[in-house]
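By letter and in written order, the chains are A, B, C and D; residue numbering begins at 1 in each of them.
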Amino acid sequence: MAIKLVITDIHASYGSVRALMGVSLNLQSGQTVALLGTNGNGKSTLMKCVMGMVKPSSGSILLEIDGEHFDLTKLSTQEIVNLGVALVPEGRRLFPKLTVQENLLLGAFRPAARAEIATNLEFCYEAFPLLKERQHQLACSMSGGQQQMLAIARALMSSPKLLLIDEPSVGLSPLLVSTTITKIKELKEKYNLTVLMAEQSFHQAMRIADYGYIIVHGEIVFHSNVDELQNNQMIKSFYLGA
Amino acid sequence: MISLDLLFEAVIFGVLLGSFYAAVSLGLSVAFGLLDVPYVAHPALLVLGAYCIYLLGTLGLDPIVSGILLMPVFFILGILIYRIYYETFEKRGSDTDVRGLAFFFGLAFIIEVCLILVFGVDQRTVRASYIGSSLEIGEYRLPYRMLVAFAIAITLTVALTQYFSKTFTGRAIKAVGQDQEALRLMGADPVKIKQLAFGIATAINALAGAMLVIVGPVDPSMDRIYIGRTFCVVVLAGLGSMSGTLVAGLVLGITESVVLMTLGASWAPAVSFGLLLVMLGVRPQGLFGR
Amino acid sequence: MKFWISSLSLLAFFFVLTLLGVNEYFFFAGFVVLQFIVLATAWNILGGYAGYVNFGVPAFLAVGAYSAVVLFKAISAPIVVQILGGGVMAGLLGLGVGLLTLKLRGIFFSIATVAVVFILETCVNNWRYVGGATGLQLTRPEGLWLFSTYTRFLFFMMSLLALIAVATARYVQTSYLGRGLRAVRDSEEAAECSGVPTLKLKLIACTVSGALMGVAGAPMPMYLSFVEPTSIFNLSYAISALGMPIIGGTSHWVGPLIGAIVLATVQQVVTVTISSELNVLVLGVLLIVFVIAAPDGIIGLFKKWKRFSK
Amino acid sequence: METLLKITELTKNFGGFTALSGVNLEVGAGERLGLIGPNGSGKTTLINCISGAFNQSQGSIELKGREITGLKAYQRTRLGISRSFQIPRPFSSMTVLENLLVPIAFVGGSDGPKEVEEAMAILQQMGLHLKAHLQSNKLSQVELRKMELARAMAAKPKLLISDEAMAGLAGAEVDEILQILFDLNATGITVIMIEHIMQAVMKFSQRVVCLDTGKIICQGTPSEIVKDPHVQRAYLGD
């Protein structure tokens, strides 16, 4: 199942959130790409453009699945999700007054995922045993870390071909951040998911990314494979504005 | 002191009355409880349903049968009303509060006045085998028409609860009011889901309208007292919980029937509104609000 | 100043009118139109300026009317005292309703005001002293001061009340109160952080609006020389008091005035020529049309037309 | 530097979740204080407690030695605590000038011609005077931010809290807002700045406080903060 995402020269702004000024990025099958930078720099805006929630003013977003080409800027969010693209949104956006199970079942709303609902549910409960225990509990009554797990599981319920994760570490204590990232790494490898992850925490992202892009003020200022990123001194200055 | 078995009879009658109140409030529980649409025209739709049943009754149709026949018509009517509301208010995101309320309040009055102009102000009833006779248990006489209303109420509530928990669109309807953007991320179109929910909410009014005219004669301005009763039940139930609506309906029915028996009919109308005011003040999220 | 000159001369004109041999029906209908001016203007102080939709207009009318009845029956108070009493009691009800705004907004506030109507109606139905559900006959005194008939006197009294209502609305709108209330309507949170005592302003608006509605209701028992709950606790008063400002335009005190004059006159004509139900239908339809097509009402259209034609 | 604001053992929890636990902070009169920390660290909760939008669960807040915990937000604004909002909240039915006349009327007590001049002066300072009579919902994003600051200024504050006034703005616009805040501080107004744009915070602040998971993890001059391991861990992740 070959998948390719090619983003070229995207310009976009979204309410008060950072404008994007000519962002280009691409993602190969099975690859995990990290989008790095402190928040308010455009990471979420880019994710929203890919999901069709924000219409870029110029530039193109092409998704290739098994040889078939789709221009995501022309599709609605529903159509993009139906192609097999899933987003774990910033701030998780669970349905607070619905139970864990109801949230998960809603994840499988798209027709293709409904057929595999039993296997996906069983897989989620096995990957996140806590969710199985609390399946009849309301989403709002769960802690930050548990909600993050539920949000990821809900996205997996749609058996996605391309998984987008927007700032999973927000609001989590450092310990929980590393367990979340470890779980994503595990799932990614087990089902060779193609993942695009926006993350503030540089070191955490490095644990699972193959390739990284640094975005500052809506522009990609640096991108390279992970090892080069690791030992590059400039990174700290971008992050801390020293 | 009122005798115990009189009180017992009042409670039994209250259960039957309460289940009827629950059934007529289910539509509002969906439209207002789940979707937060200020649907003050819901009771007017109810009375409109009752009059349509009366009309079909003159052709000899049994009220429940005509109620079921009418459901698809009211389903489309509901979708139409929502489209107008969506295009004028929700889409433009303007302050829907004042004008949204005025829209539905105006709609309720238009329906009421049209009914007066067409049918006049005097009351209308329907005939059916189960209206007028009662079931005798010991020395209690339970009117069949109330038992029928009770049965319909229970089946409607169970059917709706199942729909909302077992089907995909049902769950989506429950979710759309909580986070519309997140539902879009699940691959559902929130506008279509809300439209479907509104269609269902209004379709229920066809069957509930049948119950209204079965339980007693109807007149055009009956919708005003039902604004109190339906909103009391929905607020009491906690927004958007179907089973809560049934229980809240029973609470209102029993309270009203006991007050009817003790203080007399003249105090009954104030019960639902009094309860509503207390609930709004003390616990706006209702008994079962989550 | 222009406001005071024009309104006082209008008042003088009405006074002269009562002396002339004009057909009695004119004063009978005129009273209703003026009453709606007071109602619509009063509703707009809370609904238009602060954005809280009060459906409970009949309750305030009834509190005004029944306070007048009690004052008349108990101490046969003159009409002026009845009006003052009605205004004070309705103002207190307004304060009570205002406290609701502490917790309730939007539809919850509106539904609570509907509840007040039905609760008060049930209480009055069970209150023998004021005639309960069957109502009460009241004997009207003969003509008063220089007015040949009592209806002419009431007509002039209501025109005076209309002036007071419009002047109050004008004062509220142009003073810091109006600015504060509009800030509360646009964003209550930002208003609180700009030093606006939001609760105090909402209470003032509710009390003033309530008192003015009470004052509009107080002369009704004398006007009809009969009072009964079902006719006064009628929700169509709510639809009128809400519809007229929305049709006229809620952002300026002239809006409710225009809306009331236009619609109340149409209603009087329709009631006489066809049927009273039809006038509620006319109002309902116009309300929906304006809410959808012209959200800023007649003055909105006028402003657009003026800007367009410049 | 004499103390303007003193916060002792401030704690705030929502249901089970503790947003702030035992925060102690003193802000000097005329100081430029930066407040940083990752999302969800409690920054917004802290300023909501100071401005009166929330009531804290425990702890006290003193303005110039006077306890203000019981006061409502509008009373605190009148005492000199002004704030702008992260997501601008204009009075959309009013013009830009009228937006400023609300705080002037309700804090100053009158709004005659003299006050209109005062408002125009503030707008002049913000570069918005040409748009004074424009309906406020027609302003651009950066103009809305400037009007928020202008409205906060119109309340004659002693303490101005700028809540992410620069989030999402272009480089040049960031510098504009930064210069405005510098000018305001120069007139003796204490400023607490909350931003994610590190260059802006480091350039503006005399002292920077870093919050994480509801606690102050360190404070110091900008150069100290950048080198502090806690901050790096909070921002870069361990």
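Simple rule for what comes next: contacts are C-beta pairs under 8 Å (C-beta built on N, C-alpha and C of every residue); 3 or more make two chains touch, one makes a residue touch a chain.
What you see is a predicted model; the values in this text were computed from it and never measured.
Here the chain-to-chain distance from chain B to chain D, counted in touching steps, is 2. The chain with its Cα centre farthest from the Cα centre of chain C is A.
Between the chains B-C lie more C-beta contact pairs than between any other two chains.
Chain-level centrality, scored on Cα centres against the all-protein Cα centre, points to B.
Chain centres here are Cα averages; for chain B and chain C they lie 32 Å apart. Distance between chain C and chain D, defined via averaged C-alpha coordinates, is recorded as 44 Å. Rounded to whole angstrom units, the spacing between the C-alpha centres of chain A and chain C is 57.
If you sketch which chains touch which, the chains form one closed loop in which each chain touches exactly two neighbours. Remark: the chains found to touch one another pair up as A-B, A-D, B-C, C-D. Considering their complex, residues 176, 179-180, 182-183, 185-187, 189-198, 251 of chain C touch chain D.
By the touch criterion given at the top, residues 51-53, 72-74, 77-78, 82-83, 85, 89-94, 98, 101-103, 105-107, 110-111, 151, 154-155 of chain D touch chain C in their complex.
Across the complex, chain A meets chain D through its residues 13, 15-19, 38-40, 144, 167, 169-171, 173-174, 177-178, 199-205, 217, 236, 239-242. For chain A in complex with chain B, the touching residues are 51, 53, 76-78, 81-82, 86-87, 89, 93-98, 102, 105-107, 109-110, 114, 138, 140, 158.
Contact residues of chain C toward chain B in the complex are 47, 51, 53, 55, 100, 103-108, 110-112, 114-116, 118-119, 121-123, 125-126, 133, 185, 235-236, 238-239, 242-243, 246, 250, 275, 277-278, 280-281, 283-285, 287-288, 291-292, 295.
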